[in-house]
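Look at the two complexes coming up: subunit A is in both, with subunit B in one and subunit C in the other.
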Partner chain A sequence: MSDTITIRVKCFSHVKQALKKDELALSIPKGSSTDVVINAVLDMAGGKLNAIKMRVAVNHSYEPEPIMLKEGDEVALIPPVQGG
Partner chain B sequence: MNISCKELEHMQKSGDSIIVIDTREKELIENYPLKNLKSGSTILEKLEPENIKDETVLVCQFGILTQQWIEANDLDHVHNLIGGAQAWNEFQKSRRDLSRYSRQMALTEIGPEGQEKLLSSKVAIVGMGGLGCPAAQYLTAAGVGYLSLIDGDEVDITNLQRQPLYSSADVGLKKTDAATEVLSPLNPDVHIKSVPEFISEDNAVRLLAESDIIIDATDRFTARQILDAHSKQFGIPLVYGGLFQFEGQVSVFNLNGGPSYADVFPENSEEGGTCADAGVTGMLPGIIGNIQALEAVKILLGIEPNLSGTLLIYNGLTHNSEKVSLS
Partner chain C sequence: MIKTEIINGPITPFQSDDNHRDDGAEVVFNGRVRDTENGKQIIALEYEHYEKMTEKEIQALAEEAAKKFPIRDLSCRHRIGKVPVGEASLHVSIWAEHRQEAIQGLDWFIRELKKRVPVWKWAVYPDGTKEASSHESC
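The block that comes next holds the complex of A and B.
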């Protein structure tokens, strides 16, 4: 059995701008929480997202605290936006 | 001399050179304005009997104080409006041609009862930029009776590409004044109040407490947080809209104990992301501001479902929408 799971990351606003992608697939160790995804994305952005306090939704449901992920989950990274 | 509402309307329509003076206190005039009647305002105590011209009509709330004042000063040539502002606005209501709303009243969710409800509803639109302009324009057309436009900003030439209520000639004017000039003739059933102030902790209670709904069309986190806190405190639903480049967010906060903005976005982001920093087309705020206006009308009329407990994220490039459950 594999020790990793693959999840889908959906990128919004600043995340999309920094990674230049709407979404990506990510392999992470089994038993990882949403924090692992956030840290991976922060690394990929090379510091561009360090000041962004992004919010997380898993499978279209907002998750204010880190939660454990499973194979195939969809993680949306949603920064606050202030334009109006 | 007493005159009826019908006689005043006749004088008004026949082009007679009448002068109408609203003698009520400023607060009453603001909260209960005379509909479709141009008037000056001076309180009774400051009126000088000897300077009142012929064909002047005095208006108070019920037509009693002005009648007494006219009799006490023996001014036969001055008119008192029977029943005052109360009677005039009731008269205007009975005169109102609801056929302009027939297409939306045809919807079973709205109908004539819903339209009457909209006509008596009060909405505060905070921020008269990219989101506030379309929201204000469509709520005016829909016949939301009382709109309060709140923004201390002035029209800048860089606004014109996405805030089409304003023209080149408006550059330098207060946005709320320029918007009121455009919106007032659009629908005489709607009273538009121009409030050229930035929302702050100091003025939020005064500017928001009377509203049935607050529309968050601001472009700063601090303003959004002030609106959210007061919306929650007063139990007034907040229709939130936010933009970033080709993406827009909409949700309804603090509706019947539903999630608040602070529940979803509890911290300030340090990054910029205003329209000036990030860039924005004109059409995206047009779409998002209209979704906010639609949510406002639905909430005023109790039409479900709405975006309470849901964050809608609209992508203007792909036209995909993401709905995130916040409950």
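The block that comes next holds the complex of A and C.
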């Protein structure tokens, strides 16, 4: 049985600009929380996102606190929104 | 009645209506694209959104506004995609018995929209390049 899970990460705005991708698949250790995803993306961005406060949505709902992820989850990194 | 829509194309304003006999206030707001963004000249803003969340969040926000304020009707159209300078990106119409609650409800709704609805702006410059708008310009 695999010790990792694969999740989909949706990227918008500055995250998309920094990673040059609007979506990516990420393999993370089983039992990982959303914090693992944020840290992985911050590493990939090479410091470009360090000053940006991001929220997280899992399967299309905001998650204000870290939650444990499961195989196939869709995690969106939400930089400060700018509608209107 | 609460009605929210995400539109990819020019916004058609809601019709004014003379049949709201109990409502003394009809407040209409149009948010338009300015010709500068991040201190630079632009030709348009491109609105990006998280499609699977936007409609749900904006509808929930409108319903919350109608509970928080004595609003009879709230209608909102938010445009996504490329919006040229001068055109409307947001159109909101609120009906209430009195002016004060309609204006307060509108102000609250737009402020919360700018915090919660997953929409982002990309500045489109005259040479066609674009960049994610800085968060200070929200």
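Quick note on the criterion: the second predicted complex is superposed on the first by the 80 of 84 C-alpha atoms of A that agree within 3 Å, B and C clash if a C-alpha of one lies under 4 Å from a C-alpha of the other, contacts with A are read in each partner's own complex, and residues count from 1 in each chain.
Note that in this section a contact is a pair of C-beta atoms (placed from the backbone, for glycine too) under 8 Å apart; a residue touches a chain by one contact, two chains touch by 3 or more.
Since the structure is predicted, the reported quantities are computational estimates derived from the model, not experimental observations.
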| item | value |
| --- | --- |
| Which of subunit B and subunit C A:H14 touches, first, second, both or neither | both |
| Partner chain(s) touched by A:G47 [first = subunit B, second = subunit C, both, neither] | neither |
| Comparing the two partners subunit B and subunit C, which touches a greater set of residues in subunit A | B |
| Which of subunit B and subunit C A:A57 touches, first, second, both or neither | both |
| Which superposed partner A:A76 touches (first subunit B, second subunit C, both, neither) | both |
| First, second, both or neither for A:G84, with subunit B first and subunit C second | both |
| On subunit A, the residue positions that both subunit B and subunit C contact, one per complex | 10, 12-14, 16-17, 52, 57, 60-61, 76, 78-84 |
| Of all residues in subunit A, those that touch subunit C in their complex | 10, 12-14, 16-17, 52, 57, 60-61, 74, 76, 78-84 |
| Residue numbers on subunit A that touch subunit B, as the complex places them | 10, 12-14, 16-17, 22, 51-53, 55, 57, 60-62, 64, 76, 78-84 |
| Subunit A-facing residues of subunit C, complex | 31, 47-50, 52-53, 56, 78, 89-90, 110, 113-122, 131-133, 135, 137-138 |
| Partner subunit A, residues of subunit B touching it in the complex | 127, 129-132, 216-221, 224, 241-245, 247, 249, 263-265, 267-271, 273-275, 278, 280, 285, 311, 313, 315, 318, 322-326 |
